[in-house]
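What follows is a set of structures to go through.
Shared between the two complexes below is chain A, which has chain B as its partner in the first and chain C in the second.
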Partner chain A sequence: MKMIRNRLAVQLQRHVLQMSMSTNAAAAAAPAEGAAISEFRTAVTNPGEHSALQVAKFYTIPAEQKKQIFAGGGLPKQYEQQIKTFTEACLMVRNPALEVLEYIKKADLSKPVVRYLLYGENGTGKTLTMAHVLHYGALNDFLLVHVPWAPNWMKRPKEASNAAGQEGMIDLPFDAAAWLVHFKGQNSKLLQRLELKTSKEYVWSKRESTPAGSTLLELVEHGIARIKYASETTAALISELKLLSTAGKCKVMVAIDGYNAFFHPVTRIFSDNKQRVTPDKITLTHPFLNITRYDWTNGVCILSVDKIAMTEGHMDSYMPRYLLGTEGFEHLDPFVPIHVENYSDKEFHSYISYYLDRHWINKTPQGFEEQLKFMSNKNPYALMQLVRAL
Partner chain B sequence: MANSLTRFWGQGSLQKHVVQTGLRGFSSQQNPEVEEEEEFRVLSLRTVKQQFQKRREVKKDPVTPPRSNRMAVDQDWTAAWPGPRSFHPASVPLPLRQGFTERGAAAPSKFANAELMKIPNFLHLTPPAIRQQCEALKKFCTPWPKGLETEAKWQRHFPVEVITTDYLQALPTIRNPEARRVTVSLKLSDLKFDAHARDKFLRLVGDRYDKDTDILTFVTDRCPLRKQNYDYALYLLTACYHESFVTEPWEATKSEADMEVYLFGRNKSKLSAEEILNWNAAEGAPKVEPSPSYGQSVEQLINEGENEYNLTKYKEEVKKMLNIASQ
Partner chain C sequence: MSFLTRIVGKSTSFSGIRLMSVYPQHYVEPIVQKDKQIEQKDELTKLHHIPIKAALNKSSDTVFHDDTKEKLLNYITKKGNSALARTLLSKAFELIKRTQTERLNLAKGDKDKVITNAEVLLKQAVENCRPLLQVTAIKRGGVTYQVPVPITTKRSYFLAMKWLLEAAREKERKVSLPEKLAWEILDAAHGQGRVVKRKDDLHRQCEANRAYAHYRWS
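What follows is the complex of A and B.
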């Protein structure tokens, strides 16, 4: 009896210790702990150094980097909750991400940008693959142009108003401003360091203008402060980024999740005459279509197409051409499709070990792993939903 | 009643005499001899005409035993059953059974069996019968032409097949309107086309072309005579073929939406690929064309529809074209 109580106390202590360590989020402590504990973790936290050796292993994104990159979105909501519960931002190193990283590392940046298109069934990890690549970009001095979930603009915009200058166009001022905040949050350090300047004067109204030669940060801040002009600022910012990166002053990584929303037949936004508008009538669409063209250099585009970015009746297949439509395919072609698949056996086992390690799965009857494998079909999202109750 | 009474009384020994005398006046036909006979006599008060006429017996012919019993084992069957006819049990020396009965019992025999009569039989088409008929027809046949031994050979020499039908009938006229119908068919692969002409030809002939078998069929019956219909069918074939090589001025206005297949050469994909390949190329430098295999993979992806195989092929081609490192 005494012994059991003792052991319990020791375990409790260990728990508290772990919790405190990970909440402190000492970047050095986590890998050391990982190396000591188990074979499903890897101490290599720099995505640039990941290779086939680390496949199916977990690496931890340091908290401050996570805050910098994913503060404005970029991780699925439920994964975010899981991160909060486990008090560590762990990502599994998986093949699709490694493939993209390999391509990016070996890419000749003087050539026109290559568009990588992630596709796959629901819940296979397209967004997390993108997160992995984004982490790489942030550590390797890429300016991130990251749209966490494009369909949000088409499906549930904060506010829609008529665009001032352009006839028949719709502005999403709050969403544009939110995106500018997200952009600033991800890139402010790099922008300060690079000191990028605008190439021409932008006149917003009679009294307001951004002169040529002002920094990009000023441009962004103006857009955030004057929400009315946020959409136009976004367009200006993105065309500036294209010019600057083509001139070789910076590298740009474009990451757009749910990219096919830009080619959806309709949105949920109504125009003045109570008709649903098409995505190309939204001012925010054009800059992001512009930056996914091939007519600039020194950059990479990582896009994802997703079934759930579409609405009912357009969700029959997860294949890229179906989701993009003829127009979207023509816009992107030639692109590199990258299939994100369900877990392999090794990845699945590794994930179960991780859940056990985090004490997320408490009951471990005989054959529970096989049962989970069968029930989830090794689909990451399905597995996450299943183990919630265990 | 009276008779039974008398019998009763007659059997009584003591008072016999008295009663007999008392009743004599009533029973006139009574006589003592009848008493001795055992037959039961009927009292008939009225003389009814007795009708004991015998019914006339229907005279039936005796059933002859079935003919099959008398058939020799080595008889000429073609003589016994010369033509098509529904089944007859006595003519067929086979112990046939057919039909449904209760469980366990044997199926009904061939006699008076409607099931056997219902089904078609081929008793007139036994191999010896066919052989016999072929022998009989042989003297009317000419020898098979040399050099046309196999189907491939005669199809090469005679690509066009003409089908007509002759009708024999017992009518005052020997003409049958159906006899004018002519069917001309040929394989489309026997005709030589270019891409445009083939497309146009298929549009001209419409559903007369069967895609699965690659056979083109003209059926003509609009003229009154067979000869005229045959000429008309050949005219149609000739006219369609030559018309398909004519390019009208309005055909140049065919837009992308009118295309029945995706062609890499006339789409934006080709322009994009060219621009990417010639990025930053010097003025006057030779233009780099995207490789034909890339074009094929795009065409395949769009024309055949998306699947993992086509998409992987497309990916490989894109990687090759853009010089992206493979793992």
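What follows is the complex of A and C.
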């Protein structure tokens, strides 16, 4: 009798599994028609309207917005690949992002800027949380000052040369120009609309200068065209942004991923006497340290500290105090720490159904979800790695 | 296979031959998969007093396990570095899934036709590459003849996987093994590609040399 009951239970479970799979198959066709929406998706595509109702649900970033915000980086490479494969840019609404969004919405912008610091284990979704917040910023007329991955400058710069005028400093002209292109791509529409003007004249050389009262767009374009002066242009642009936002002419959202790279003991850049330089000897570091101070208003700072922004020997803990070091911690103090954690049960389940919906998981034996949960410890990146061969 | 036939098969056939096994002949193979255990529950009760071999170290009952996959992993492995082999194969599977999923999303109309399951595709590929015959060199009267001989199922699977891997390893240095392996598997699964051609060539040679077939026994 017991055996029969067992067998019945197994059959029932299989039946339910098949049913759920068939509904998934139906859901795959749904977004194209725009009709029914599966339970793990939400139709609210404006991050400003996300609330606890949408937790663990996927929202789609429209293609043109994604192109505007993330064309120059900002999403992890493997996530970009996933987006390409699934032919839709979906982000899961998660608690850390909601927390930041709520703080930003309620914050009084006339007060000095608040620094939000994302921290957490490897692969928990700090960058994607930042992406979610960036999307909010882009839709709500924030000027984005976004560094997709700061350690790139310290670890693998395109070119390093001695800075003109500043003794012992090192310029990263190509990286600075690339960042300016990224800034222009993200903000060109808003910059054209706001018509922000520079406050003073910038003299680059004997023949070149940017007069006071020229638009920020002109300043940026000059930096892109004259790569030699890109680093100085970046510094000028950021100090202008600080002045303008303090004057109330614009709102600025600063988002720097891998912020602790600015406080790493050494970089992989060599100076003339074959010595590794420290990050504060790089001209590009200073403007971004400058804009993360709290001496300006009308802005928000979202920063993230990451273990993999450091190098071997400095990756023992993911805590901000350890990663930033004394100097960095004092620079940033006081900040709002936001812990990005592994998936909750609900989020995990939602992600699995998303993978099933996108035909990314093809094997569904009994209890596979439990196995994946156990193996990945509900860590988003680990889950991504585990399901790639399923 | 029911357990009785298994036991009978073990005890009668090859009773005179000593097999290379630590287990005596009457030991039966273990059933590792949980769903199979449940399926054959009433039969298993009869096994109470029959000794069972210990399960293999590598055998498992997880989503990640697949017999064909494990076999191919053994062939990919070099110098015992099976961890590397596993990452290579899972990368290849990922690439297969990527191409197939993109194809699925671009497909108009019949979406069920596109298989996104990489393991199924691998099995299809291996099935398509399996030879029925092979040729061996046999010397008769001072002349060596290429004589077609039938091969066992096991060897045919071995050859299919070996050929797939050989085709994957024959590449430019810039191309990674997972990439090439993914292409070869996808090609072979659709009945095209170099490996299927290799099999067909072998069959053709066997067909051409069928006049020598009797040298196998005379």
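Just so we're on the same page, the second predicted complex is superposed on the first by the 354 of 390 C-alpha atoms of A that agree within 3 Å, B and C clash if a C-alpha of one lies under 4 Å from a C-alpha of the other, contacts with A are read in each partner's own complex, and residues count from 1 in each chain.
Here, contacts are C-beta pairs under 8 Å (C-beta built on N, C-alpha and C of every residue); 3 or more make two chains touch, one makes a residue touch a chain.
Bear in mind the structure is a predicted one, so any value in this text is a computation, not a measurement.
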Now for A:Phe368: first (chain B), second (chain C), both, or neither, which partner does it touch?
second
Quick one: classify A:Tyr381 as touching chain B (first), chain C (second), both or neither.
neither
Tell me the contact category for A:His359 with respect to chain B and chain C: first, second, both or neither.
second
Using the touch definition from the top, say if A:Phe174 reaches chain B (first), chain C (second), both or neither.
neither
Under the stated touch criterion, which partner chain does A:Leu390 make contact with: chain B (first), chain C (second), both, or neither?
second
Jot down the residues of chain A that show up as touching in both complexes, chain B in one and chain C in the other.
none
Any idea which chain C residues touch chain A in the complex?
34-35, 38, 41-42, 62-64, 89-91, 93-94, 97-98, 101-102, 104-105, 111, 116-120
Under the stated contact criterion, what part of chain A meets chain C in this complex?
3, 6-7, 10, 28-29, 81, 84-87, 358-360, 362-363, 365-366, 368, 371-372, 386, 388-390
Residues of chain B touching chain A in the complex:
267-269, 272-273, 275-276, 279-280, 294, 298, 301-302, 306-308, 311, 314-315, 318-319, 321-325, 327
Give every residue of chain A touching chain B within the complex, in rising order.
98-99, 102-103, 106-108, 110-112, 114, 294-295, 297, 317, 319-322, 329-330, 333-339
